[in-house]
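See structure below.
A, B, C and D label the chains in the order they appear, each numbered from 1.
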Amino acid sequence: MKAGATRAEVEAVVARIREMGLAAHEIPGATRVAIGITGNKGALEPGPFQMMQGVADAVPVSKPYKLVSREMNEATTVVSFPNGASVGGEELAVFAGPCAVESRDQVLRTAEVVARSGARFLRGGAFKPRTSPYSFQGLKEEGLKILAEARKATGLAVVTEVKDVETLPMVEEHADLLQIGARNMQNFSLLEAVGKAKKPVLLKRGISDTIQEWLLAAEYVMSQGNYKVILCERGIRTYENATRNTLDLNAVPVLRRMTHLPVVVDPSHATGIVWAVRPMARAAVAAGADGLMVEVHPEPEKALSDGPQSLTLPEYEQLIGEVRAIAAIVGKRV
Amino acid sequence: MKAGATRAEVEAVVARIREMGLAAHEIPGATRVAIGITGNKGALEPGPFQMMQGVADAVPVSKPYKLVSREMNEATTVVSFPNGASVGGEELAVFAGPCAVESRDQVLRTAEVVARSGARFLRGGAFKPRTSPYSFQGLKEEGLKILAEARKATGLAVVTEVKDVETLPMVEEHADLLQIGARNMQNFSLLEAVGKAKKPVLLKRGISDTIQEWLLAAEYVMSQGNYKVILCERGIRTYENATRNTLDLNAVPVLRRMTHLPVVVDPSHATGIVWAVRPMARAAVAAGADGLMVEVHPEPEKALSDGPQSLTLPEYEQLIGEVRAIAAIVGKRV
Amino acid sequence: MKAGATRAEVEAVVARIREMGLAAHEIPGATRVAIGITGNKGALEPGPFQMMQGVADAVPVSKPYKLVSREMNEATTVVSFPNGASVGGEELAVFAGPCAVESRDQVLRTAEVVARSGARFLRGGAFKPRTSPYSFQGLKEEGLKILAEARKATGLAVVTEVKDVETLPMVEEHADLLQIGARNMQNFSLLEAVGKAKKPVLLKRGISDTIQEWLLAAEYVMSQGNYKVILCERGIRTYENATRNTLDLNAVPVLRRMTHLPVVVDPSHATGIVWAVRPMARAAVAAGADGLMVEVHPEPEKALSDGPQSLTLPEYEQLIGEVRAIAAIVGKRV
Amino acid sequence: MKAGATRAEVEAVVARIREMGLAAHEIPGATRVAIGITGNKGALEPGPFQMMQGVADAVPVSKPYKLVSREMNEATTVVSFPNGASVGGEELAVFAGPCAVESRDQVLRTAEVVARSGARFLRGGAFKPRTSPYSFQGLKEEGLKILAEARKATGLAVVTEVKDVETLPMVEEHADLLQIGARNMQNFSLLEAVGKAKKPVLLKRGISDTIQEWLLAAEYVMSQGNYKVILCERGIRTYENATRNTLDLNAVPVLRRMTHLPVVVDPSHATGIVWAVRPMARAAVAAGADGLMVEVHPEPEKALSDGPQSLTLPEYEQLIGEVRAIAAIVGKRV
């Protein structure tokens, strides 16, 4: 739609699409609204739409992913949160906190430092999918309540993982941003469920998924009507074992070309080694990422999961200082 | 337990384990029962168990996976079905049928040929997890009913994919064997749900999962009390693109060492090319697999999914002839 | 050329090609000769060739690799050796022996068993490229002489690795088949040098090379005039670490389609574990390989390199028994 | 050795090592000399060395690579060039130029812009190892002469690839820095040859080599007495095909820990896409790399190899501006 298109003009287009038995997706942008169409079997004739009032242009999307594609929206989508934070705009979003919520004290202490450093998001897992059934699986509802308390105390927005459809309502009640973990990136039933949720979704890349599969997973969410999707690169599985995974920073510029969705990078999971987190966080920002997700823990050596990759609180503050300087060079601010 | 242990002796051991607040897993074997213990935090003292009546030995399992490990059960587990078929014993199990259930006619025609060839299992997807939300997602309940009708007509046991916890009861009603697809191999909530189901489980290897992760996924199922698990190798993701995936037949002898669970190989998904299916099916049997899963379709060129990898019915019959001869050399029969 | 084309007709075609400033490659086949043309920049007009005497057809090769492609030669190339053995025909070629030549006694004892088992080729490394400069690098010329002595004693043909251009003349003096190791698969100067040698070449697949890159490496050899090239699959590098490498048996049927060159499989290097060698050797033959390369050592526990993957002499004899039976099913004999 | 150790003290230690029949490697550092010992079979007793004059400490190196390891030298090695440039120190080294030398005009035009931008190294391939024998293989000696002429005109140091032992003397005559390409990273004969050369060596990581294998390849060079080795990360082969290779920036902090050798990053080959080069160059510097290698071409669309990844001259100048700002944050300058 044109930049100045009226509400009535938008609704007329939506109505026309629905009359044709198709789904209309009204995707808000910085200056103008884009309307995606899905449900068509073959190509649609652009002519009739181009002639409608308020329509700037009607273009077929050439990629297998439609609503997520850059062709749908020239401007990067900005996802906003109740605490005033946003992801995808000028502000570099920082998501910091422990891998797993372990205790009230641990979370509140960490949240305080995170808030003071200028970050706007607290991360922490209440439901922890673990490779072994015998590993610590998270504090579950109790963990969610601790996170909500930390939000109240600090004003940070809370991001936490949704493990399955069954516990989604409980997570949605307490979280500001619903994280889909790497192992669930192609759990299509869960993607459809969060596609119907009201809260934004942070979609981590599967450990061995291509960028195209990742975008199609985001498409599952958007096709259900939830357009607030953030992508998170967290390392891929390769033959190299010197680090836990290989951080694929190439994905940052590639995604910029392919999609209008914002992109966040998690160097903690990608490297699995605390001394590699700072350099890779700097690199992610220099590559143009919209945000960083890092693990911090007041006492990493006592962490129940992923301790070796967690920054101490002073290390975290040092990281933020470096990242702030690099962000300025690429047009972002912390 | 000793080969001749009585029911009362078994139950006494189980009761003792439960008194300690731990879970007891009674895993049936060809000649003797093994009792697995889970839920302990540290190592258990073997002495008290060794002194109980009917106990042959008490050994700690040295691997991160416990109930699935070969240390738990020297003999390969044999999973039996109501139609008399079994997987893991002398009989080479053949699972054949279309990738997706598309129509009653397609399934009944295929099932008839499959049954005549000596196979005992009909495969076919009613719920199809697809990379794109806009691809054909299966006939769902209607597909399950078609499969059930084909079972009635032919006596074949039916294996079909369970996509999520929500539709598990519906699938369990119609299927003899619950397939967990590659993308759900680390969907732990689904693994726990089929772990509580009554029907056996066929667990496909995730496209990029290590053998150890695969065994831990099977452990999730077994830890919930379902001990009838069959593993299915279906190709892994590598840098090589001449075939869809790289069939990892090394996994067959490796799994033989590591686990007592039976192993099936799916050369159709692993290669994605019809002319590679026959040689790789032969290779799988020669490597010592307990079964084969192959796609057959009366008219592959009309298939809604994965047509290029489906054998025609005559090609399938030729394959069975070759496989029968090789099976005899490695001590199996079709 | 037609099956009955005369020598004069072949030479006339070759002369015509050379007049055009191009290279002519006369590639012998079972029933007819094929003449490859390289050196052209754009497409050539087939008409003038088709009209020449004795020409069956003139077809442009559609692949980036030309002389190695199946389009050049319908029949699989048979590479013959002075001791009467061959690779690519009905006989399943078995190359057996130690990883490295360590002593006269070791090689002669092994060669005797190998010869008795029906194998026709003795393998053994005299020049050993090793990841570390501080590892045993082989007995070099002394090793070559030991191999030559074993040939004299047993009638086995000798295959051994050529490490560089400098030592090629020395290796060519003693070996019947020049092995290019995985790490040298894209050492183009070495490929060109063996392309000018008189002895056949066994080209191992690079640990991370695609099938297309492998065929282009073979093309380097053939483009220099050596048409006796044998390909050897020896496992590829993937994320899976349960075995040393992942044996890519898919490559066997794929190569059958793409090239007329014979294909051999090395399960010893691909698995790196002795108990996985027998099942994978059986699988390779069932997949249709033209030969097997296996490591045997009279005392594997004392081997200076790769001991854990070497079969003992009795294990080797058991393997040959199994392989003989499977070979018969796929139309080969040992 | 201690910081103030005299020449005589150093020589006494070297002599003692040689008396023991071992090799002594005198590796110069910023403030002190380290002496590496190789050739020993078992562990050496440190006591006798520790008591010698001028010796600070004698420590066994715990890694399979010795001379390259960080344990050998706390300070990063600085490799200096006749034109005053250096790699490994405060200056961020920029190596820029075309993939292949194609003409005098192309190289001289590019060199001029490169020199003006503040770079100190001109890159360009005269010998081009190519996957296909039918691709452009470089201008060879003529190319080397063009590079030498450009050096004379601009004062840039020249880095160019050495393809094989045969042409090494010719390359060494014209180049300031000998590049070993990715495909030759485990061409041990070539590594040994450049280990005996007088010029420094730039060792590119093999496309599928682990960091440990890479360090062992550098060890081959150093073990022959050439201690001026620079490592160059250029992307690894993974399953992801959205970019040509996956740039492994994790390697930068990992190498910092493991080795004292300087590390350069080549985002042009790693991504293969011109619009990804700038962000990834920025990221490499932010991760802490000692240098950047980038392809620039006055007319990329006319390049004979790798055109799509070459920056135009204006794009290159923009890149240098961004990189200069980031370098300052991590303590480097262009």
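Quick notes on this structure:
Note that in this section a contact is a pair of C-beta atoms (placed from the backbone, for glycine too) under 8 Å apart; a residue touches a chain by one contact, two chains touch by 3 or more.
In this text, all values refer to a predicted model and were calculated from it rather than measured experimentally.
Contact tally for C-D versus B-C: the pair with more C-beta pairs in contact is B-C. Using mean Cα coordinates as chain centres, the one most removed from chain A is C. Averaging Cα coordinates per chain places chain B and chain D 51 Å apart. Computed from the mean C-alpha positions, the centre of chain B lies at a distance of 38 Å from the centre of chain C.
Within chain B, contacts with two or more other chains are made by residues 208, 237-239, 241.
Note for the complex: chain B touches chain A at residues 38, 64-66, 129-134, 163-166, 183-184, 186-190, 192, 207-208, 213, 216, 219-220, 223, 237.
In the complex of the two chains, the chain B residues touching chain C come out as 208, 210-212, 236, 238-243, 246-254, 257, 270-271, 275-276, 279-280, 282-288, 322, 325-326, 329-330. Chain C meets chain A in the complex at residues 208, 237-239, 241.
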